[in-house]
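Below are structures written as structure tokens.
You will see subunit A twice below: alongside subunit B first, and alongside subunit C after that.
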Partner chain A sequence: MKKFLVSILAALSLVACSEEKSDKPVIKIGVSLPLSGNMQSVAAASRKAVQTAIKDANTNPDNHYHYEVVIEDDAMQPQKAQLVANKFTTLDKVNAFVSFTSSQGRIFSSFADKYETLHFNCAFGNEGVLTSKYNFQMFTQIDTEVKALADFLKDNNKKSVTLLFVNRVTSEELVKGLEPLLKKYNIKYNIEYFNQTDRDFALLIERVKKQNNDAIVLYGLEPTVSIIGKSLYADNLIDRVLMPDVIQFVSDINLYNGAYNIGSAVATDEFKKHINLDKENPAFSNYMYDIISFIVSAYENTYTPDTPINNSDVADYVLSQKNWDGVAGKYNISENGAIETDVISYKIENGKLTKK
Partner chain B sequence: MEYLINLGILFCIYGVLALSLNMVVGMTGLLSLGHAAFFGIGAYATAIVMTEFGVNFFVSLLIGAIINIAVAYLVGKILSRFRGGYYAIVSAGLAIIVYSLLLNWKDLTTGPLGIFGIPKPSLFGMAIDSNSAFFVLSLIVLALIFALYRYIDKSSYGRCLKAIREDEQLATVMGYPAQRMKTVIFLLSAVIAGIAGALFASYIAFIDPSTFQVHESIFLFTIIIIGGLASSVGSIVGALILLSLPEILRFVGLPYETAAQLQQIIYGLALILIMVYKPRGLFGKYRM
Partner chain C sequence: MLTDIGILSSVLLNSLIIGSGYAIVAMAFRLMFSVSPFFNMALGASVALGAYLGYALLPMFGIYAYPLILAGVILFTWTQEAFIYRPMRQFGASPMVLLVVSLGVYTIFESVIHLIFGPQYQTLGTVAELSQINLGFAHLPLVQLIIIVLGLVSLIGIYILLQRTFLGKEIRAIAQNPDLAFITGININRVIIIVSIVVGAILGAYGVCVGYDTGMEPTMGFNILFKGMIAAIIGGPTVLAAYLGAMVLALAENIGVWFFASQWRDLIAFVIFILLLWWQPNGIFVRTPKKVSCEIKTNKTKGKRK
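On to the complex of A and B.
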């Protein structure tokens, strides 16, 4: 037992000693991810993307700062997020932090306001997140995605649609945005909600079949979404399906052959290789990589020798920019702190995504 | 320090919850898995009346308590027909029903969007908006509930509850109104869980239904099992261990690749070890 403990301590001290040291001033970035719990499969790739982005920043000889990252698990729970945000701001004293999903983003944004720490949230539901100049959201924005979805339905001459949504925050915001547009375009719609904990969808699918609408907008998380996907596939309804971003985190893309995905940019094979992704789901990892790279570029561009880091200046700098190029595409920067890429439509064919 | 204060506030809130659950489970022997429901009702009552009507925190506490009494009375009536495992299943059902209501009654609760911007309490015009002040408030609440628990524990009423726990039929034959006593302790426990919910909502400033699922009830149950059934000190120590252990593990310096999973494994192992070497929990007086 003693030997075992000694070897663990030795391994831990080796890990601690192996950290790179640099003479450059240090910028600390805190990243909060749901590394345990229901969303851990989505977060695994993001962790790799963050670490790669930090490594890339530190190997760039032109950079004036040395970048350090602190990654913490918030398990997608508000009380954990509160503790992580507190740790980042009061113990780790990070210069910037990154949160994942809008519900966690709301908790971090109050800390960003209080401690004047830069906060980047990777999510597209923005209510309550962009509360001050220190808060930013880097993704496709919900209004843009909703508009793209409605336009797709209109342009493809769909007269009726079933909105098949998991009962969670993003769905609420999607419905809120979609309803007026569907009314405007004269598209008849039915809304069907399901719970993330449900596993039997026979009645739900029956209702959807009965509605016999021209299109089905499917939004959900794994494993629920794939259970529904399987049923829709079996009932030959899959080619009516449109998904806002769902393809980013499904376990088997082949289930959705014939469907469309409308939303953020999917990670390319080249990017997956760069961040050393093996079997992990690449979900949104390209955006997490971009967030870290964008934070790095903001600090580098506001660097002044022998002057202490001023987050207010960095925030002003970000807001003064119009756009920025990342691995997920070109980002447009709005005055309210929304930093968004264009919406991309993909058709899923033979297990591959083709841009439309 | 600020981080510790933050942890301290959550510890106080969960300490209050554990004490309230121990009144029902430890003191009375009722296997309740529905505590997350009362926690949620208290939190939502506070959040809704404070954000929608600008009501003071302490008034919102009262409103939450009234709602919890009404719900607990109805549920208590139903639950009093069951015992042991059946009681646990039906009470878990309550947690699921309340969670579903919080999620789907969108006009009232805003559903999965949650409620954000919940204000901090104020007392005599003085806002309790700093973490230190909130910690003092939470600590006072914890101390009061702790004292109440001890008082009930030592009172004749507490002894009756323990008699019901050991042999309800015998207690009834001896002339104790077992049903009424069980209902009263259940109501009291629900009100206290609601107070913890109100503190939670006001402190985090954002709530959504995900916090009040049945697994939260199981987490509370774990606190009192680890700390010890029917023990006030055990409830506090259990809350302290279960809240601080995952936080301590953040500082162990585990590699990022496996940190989250290793933390969960170490956490689980620690709990198993406690149960192996202390099967009644750390301060337990009775084994279920």
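On to the complex of A and C.
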């Protein structure tokens, strides 16, 4: 027992000694992720990406600040997001915070406005997120993705489509964007919603089969997309499938051989190695890495010796930029705070993604 | 419309598959509830454990892993009963306290699964590996046929256990009046342990099927248990009633999905749940005793009093 206690104490003192001490002023970044609940599989890689980005920033000797990160779990629930945002602003007193998905982003935006804290949201549905100069969204924007989807359908001569969407706010935004374009291109469509908690989709797929449309646009999250994927695969419908960003979530990419993914950039193997991903789903981790790196770059570029940090100046700096290079590609920065990469079309062939 | 034979067959087949899943959990819940009357939320963890043990052991031991999986889940349910619920019952814990404790057990289990296996969705077999049976109007994966068979085997097995064995007599005695059962010499704790072993085996086997069929994630247990409990309550207090209740629930959900939309599945389930219980508060497959007239014949009484 004594030996055990001594070894624990020794380990603890080693950990304490190994913690880097820095004389540099500190920038605190709060990151809210769905680390528990139905979306937890999506957040694991993002956590690693954030930690790696912070480590990379702190090992750069040219940086003027030392960066600290506070990662909290919002379980994808608005009530918890409210608590996390409150903790970040009042207790941790972070300089900037990052939120995941637009539904959580809306909550953090109101805190960003009130406390003049920089807020970066990783999502493509932007309704209610970009409310002031302190709020930014780093991803591909929903309008751009919707346009790319509709154009793809038109260019590939699809006359009819089933929109097979998870029942979420983002899906409604997608439908709102797609409907006028589909009407304009004279493409017939059916809309089918399903719940994220559902696990049986046999009859839903039966309905989709009955509709017999030329294409199926599938939008959802894990595990529902993989379970639906199994049914679509069994019914030989995969080659009709078109997905906005869904490939970022799926655990078995082979299930979707023949389908297309249209949306944000998928993490490269080199990036996955850099952030030390093992079995985790890489979903959007490249964007989370870029968000932290971009925040670091904004603070570094507005650094003035012996002057307190001013978030208004940092926000102005971000808005004054036109583009920025990250691991997910080149970002275009708009006046409303949307920082987006181009839409990329991938075809899934033999378990690999090929850019089209 | 359901007049189309193909669609009708799909609705019925899918109801049978989904209903069998609900029924397995409902029957296990009913059996456990009959001897240990509280809402044991940790039963959902047994299903998840079956799936995750399959994920861990099947690649190592192949077909020989199945008995190990069942043994693991049985050990899990037995440990809970022997070291958590039994001592608490002896200290006079109420069903409400036991419910909260079981919720705690479930939450700890979910977190441990998350720590060991990670939060990501996993499956025991890719779609290409799973055998399918062509029924003409639909392809039935072999694992779904196994779920249907497991449901029926569990129903028959539990029925025989309850009606044809001495242990069954003891279970029924405890379910009717635990105090009287104790006085007559029935070792209640022994019976509960045996029942928890049987329940563990059923739920563990179902967990492996779920692992093959829809895959697994750490939070899976709660949703599975939830529908099973609803089915058990809709049906009534017997195991057959729980089985039939599960079928009614699945059929209603599937008809609803076909006529309305998949997103309203839970809404449909709960509307049916409330309507059926409003009509038959003790379960729809329970013979309600004839109402005994308690009317007071006022005129006569008045006359007598006068």
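As a working rule, the second predicted complex is superposed on the first by the 338 of 356 C-alpha atoms of A that agree within 3 Å, B and C clash if a C-alpha of one lies under 4 Å from a C-alpha of the other, contacts with A are read in each partner's own complex, and residues count from 1 in each chain.
Methods note: a contact is a pair of C-beta atoms (placed from the backbone, for glycine too) under 8 Å apart; a residue touches a chain by one contact, two chains touch by 3 or more.
Bear in mind that the values here come from a model prediction, so they are computed numbers and not experimental data.
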item: Subunit B versus subunit C as contact partner of A:L204, first or second or both or neither; value: second
item: Partner chain(s) touched by A:T90 [first = subunit B, second = subunit C, both, neither]; value: first
item: Partner chain in contact with A:I107 - subunit B first, subunit C second, else both or neither; value: first
item: Touched partner set for A:N167, first subunit B, second subunit C, both or neither; value: both
item: First, second, both or neither for A:R240, with subunit B first and subunit C second; value: neither
item: Touched partner set for A:P78, first subunit B, second subunit C, both or neither; value: first
item: Contacts of A:R47 with subunit B and subunit C, given as first, second, both or neither; value: first
item: Which superposed partner A:N195 touches (first subunit B, second subunit C, both, neither); value: both
item: Partner chain in contact with A:H274 - subunit B first, subunit C second, else both or neither; value: neither
item: Footprint overlap on subunit A, comparing subunit B with subunit C; value: 35-36, 40, 167, 193, 195
item: Residue numbers on subunit A that touch subunit B, as the complex places them; value: 12, 15-16, 35-36, 40, 47, 51, 71-73, 76-79, 82-83, 86-87, 89-91, 103, 106-107, 110, 127-128, 167-169, 171-173, 193, 195
item: Touch list for subunit B against partner subunit A, complex; value: 1-3, 6-7, 10, 100, 103-104, 106, 110-114, 116-117, 200, 203-208, 210-211, 247, 250, 252-257, 259-261, 263-264
item: Subunit C to subunit A touching residues, read off their complex; value: 7, 10-11, 14, 17-18, 114, 118-123, 126-128, 132, 139, 141, 214-215, 217-219, 223, 254, 257-258, 261-263, 265-266
item: Residue ranges of subunit A in contact with subunit C within the complex; value: 35-38, 40-41, 43-44, 167, 192-195, 197-204, 206-207, 210, 222-223, 226-227, 229-230, 233-235, 251-252, 254-255, 279-281
